[in-house]
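Before any comments, here is the structure.
Chain IDs A, B, C and D follow the sequence of writing; residue 1 opens each chain.
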Amino acid sequence: MELLSLRDAVARHVHDGDTVAMEGFTHLIPFAAGHELIRQHRRDLTLIRMTPDIIYDQLIGAGCARKLVFSWGGNPGVGSLHRLRDAVEHGWPGSIEIEEHSHAAMASAYAAGAAGLPIALLKGYHGTDLVEHNPNIRFVEDPFTGQRLAAVPALRPDVAVIHAQRADEDGNVLIEGIVGVQKESVLSASRAVVTVEEVVADLAAPSPNSVVLPGWTIDAVAVVPGGSHPSYTHGYSDRDNAFYKAWDAISRDRDTFQQWIRDNVLDGESP
Amino acid sequence: MELLSLRDAVARHVHDGDTVAMEGFTHLIPFAAGHELIRQHRRDLTLIRMTPDIIYDQLIGAGCARKLVFSWGGNPGVGSLHRLRDAVEHGWPGSIEIEEHSHAAMASAYAAGAAGLPIALLKGYHGTDLVEHNPNIRFVEDPFTGQRLAAVPALRPDVAVIHAQRADEDGNVLIEGIVGVQKESVLSASRAVVTVEEVVADLAAPSPNSVVLPGWTIDAVAVVPGGSHPSYTHGYSDRDNAFYKAWDAISRDRDTFQQWIRDNVLDGESP
Amino acid sequence: MSDHTAQEMMVVAAARALHNDDVCFVGIGAPSAACNLARVTHAPDITLVYESGTIGTRPTVLPLSIGDGELCDTALTTVSVPEMFQYWLQGGRISIGFLGAAQIDRFGNINTTVIGGYAAPRVRLPGGGGAPEIASHSEKVYVIANHSTRTMVEQIDFVTSLGFGRDGNGRRRHGLKTQGPALVITDLCLMEPGADHELEVTSLHPGVTTDRVRAATGWDIRIVPEPARTPTPTVDELTALRHLYAATDRAHGGDA
Amino acid sequence: MSDHTAQEMMVVAAARALHNDDVCFVGIGAPSAACNLARVTHAPDITLVYESGTIGTRPTVLPLSIGDGELCDTALTTVSVPEMFQYWLQGGRISIGFLGAAQIDRFGNINTTVIGGYAAPRVRLPGGGGAPEIASHSEKVYVIANHSTRTMVEQIDFVTSLGFGRDGNGRRRHGLKTQGPALVITDLCLMEPGADHELEVTSLHPGVTTDRVRAATGWDIRIVPEPARTPTPTVDELTALRHLYAATDRAHGGDA
């Protein structure tokens, strides 16, 4: 683990063409890191995220993505992700390949990746047309009873990027609240970058069973207070629901979107 | 969930012939409940436990078990489980069928049981002779790469019995420290009995991600302070390592063992 | 109390179908409103589970997302998302799964994926998310949707989540033991599956005629001989619901 | 320092083979003593993982079981046992797996299951526990065992944990990318696999002759042409080890 600036962490660990998982299930979404990818003009990324959310709407609209692996692509509680829709429906700013799963499958696929298994099994995908459109959904037979079970390939990103509450000086990271697939995305990936609200002397995990990622599982930690905004960080900030609603109008129009990215991302400072 | 005496909880939920999982990975082993099974003369049980430990040595020596499903059958740090050995090697007090796995397989088999899956997959059992002696180890092919993966049937006990720190008045149970397969054994089972150190008004879980079993996943809670002795309860008691060492001599001889059971279990009071 | 909106009737009707001992897998929007309305009225001990991992939540305002901080702050416990989908949903611990729909057909199959073809959709919808496995693993599924010929269609463009399959026998064919769609709640009526699994209108909301339901449905909808009349929302129900919405609006910074 | 026992030499030799950046999956007994000795001497930042779920433990006394409270109290974090075996062991996060053995053969295969036949064993041993997957998924395996013709045998009665297989090619046959047994530490010597994976004595402990090793080995053991001489335990090493044992004895209520 190295303590780096966000700029250096992204420059060193996220490359053009990489398969990137930037997770955070509504909570702890690594927006600041996403913006840094846009600032550094990453291209041809395969973006993995259960819920693309605004963060991938921005990356897709900014032309960073070649492919999206996902299970629910909306603006939670608001409606569509207009940049995602524009890419899928009209190929703007470029066409995007999609690989679509259910949440159950993606969550288990991350867990399988973390466990070194090549596939995840699930009791799922019953009677859904997804099976016909996604060749990465197959079936295996239980060798004891003959029962048919769905199988998907494990997720093994090149790099996972997450936001978390805090790290100690050894880079051990505490994650608390809605922990999502934060741990699984890091442990399934070849490299891991974590932005945190702060680095502290004592991690102060409240329970022996708190969700902690040891520093030796992480490549870079960058201190980025508020790095999850407009998502939130349990114990540090609240979700900016008003921004999620405002994004609908910003993102509906290509020009408004591009202006927003210029003003808020490209002209911004790298933390 | 009902708050019951241990006697009533066992009488109502553990029946002759049941498949029983009494878990607790070194920590939180439900000894008091095991003693209650002996006092109530349960017979023909299929006992599941990753590490049979002294608790199953006692149940086997007392003649409660027909079959044992396990992955490591020793007295941790001390040596053999002499009652288990006597049953396997000499059929005393009756012969016992054994189904033997690795820890990795059993842990995943509990998790699969909790997840409603019929099997657990693992990258494991490479080159071990266990495969030839346990028909419940089979193999499946990854439908994407053809890779061979080990499969074992999910564990689905009739009843799980665990010890935990505390419950609140709704029967929500907090488990802390070495949590082992406590949650998985309960969620994989048809019924669940939990002994706790105390019932409190406020569960006081230290973290939002503390290991908590909701009351509606549990059938009976019984208050049994010290119910894990000579194992221990993190935050309440220490492991009685001296007893683990002393058990070696007690259990080596059939008469000494029987006398110990008479004095310490059969003549004891049900909590 | 007759000054209610059709949306309020829909949410109130959904809330009434929930009980104190239910464990509900709750989606955002109307399902979340219905579940929390039930909790603050007749079903105080109902267990609400959100796919973000929060179990036993008791939010005072309705969440905008399935992962709002309020859900975790008021939960009994919060588990990881893999655990939520493995142990709690696939493990069979959910009694009621709530689903919304962009399209629904006569057998309760649901589309939330695309309008038009999959490869080049006319409208790309958010997709399945938790729904495909909520549909197969909850003991019962309640569907909540606005009633129109756009939503209630003869053939849905994509089966995201299985109801009873396009021929009514899909659940049996897939070996599912769960009940599937047990109740469809719209702004006009309640529908339940008949013996052959086709949806039938069993109750009309106040002021709604059978003709209006037929006109708003894209197939020749069955209506039971003497449909019930859904009781008008009570003052208590409406007050509680409006209080929830008002608190929510204040908390989320009003309408955008 | 020459007043050491053969057991102390064995543990010290094992400790020396560990490094600051190792992540060790630690078993109880000599492996635990060796790993903690390394930690309190030359490898203060070594990561110790016990199969009970404790990660990054720093016990001040040696645990009697793999789940003593001390392990959790001093750990960075404690995870569930399924997670330990799934994400941490099978996930490939362990650099050194430590195994003991009741029997070991020339290819480092290990028996901890039965002496005699499986169905009606002469001696029923504890079994595999975590060992079969430690053997396949740790980057390297270190085996620690007392050296005698009872332990070091021509044919082991049961392969609990794969070394290089009965013919030396088992790992390749099973498609394993991990190294397998990289070092066998006994009370007499150190052994490492040669090019064909057969174990060779590469270092003799102080005062041990090649004849003594041959006599204590159940097969015709290979000894490299000029075996090294294992350095005698230093005063620091012995002092630290004895301090660990003394603290442990006090904590566990002495010998039983």
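In this section, contacts are C-beta pairs under 8 Å (C-beta built on N, C-alpha and C of every residue); 3 or more make two chains touch, one makes a residue touch a chain.
Predicted model only: the values in this text are computed from it and were never measured.
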item	value
Contacts common to chain A and chain C (chain labels)	B
Chains touching both chain A and chain D	B
Selected pair, greater C-beta contact count between B-C and B-D	B-D
Centroid distance [mean C-alpha coordinates] between chain D and chain B, Å	28
Distance between chain centroids, defined by C-alpha means - chain C, chain D (Å)	57
Centre distance in Å when chain A and chain B are each reduced to the mean of their C-alpha atoms	38
Junction residues of chain D, two or more chains touched	72, 78-79, 86, 90, 137
Per-residue overlap in chain B, given as positions that touch at least 2 other chains	111, 115-117, 122-123, 147, 177, 179, 183-184, 205, 208-211, 234
Those chain pairs that satisfy the touch definition	A-B, A-C, A-D, B-C, B-D
Chain A-touching residues of chain D, taken from the complex the two chains share	21, 23, 47, 55-56, 72-73, 75-79, 86-87, 90-93, 137
Interfacial residue positions of chain C with respect to chain A in the complex	28-29, 51-54, 63-69, 71-72, 78-82, 84-86, 89-90, 109, 113, 118-133, 135-137, 158-162, 165, 170-171, 173-176, 251-256
Footprint of chain D on chain A - complex, ascending	111, 114-117, 172, 183-184, 187, 205, 208-212, 214, 216-217
Chain A - residues contacting chain C, complex	25-27, 50-51, 70-74, 76-78, 80-81, 84-85, 88-89, 100-104, 107-108, 110-111, 122-130, 133, 147, 177-181, 183-184, 211, 232, 234, 238-239, 241-242, 244-246, 248-249
Contact set on chain A toward chain B in their complex	115-119, 121-123, 136, 138-145, 147, 149, 151, 153, 176-177, 179, 205-211, 234
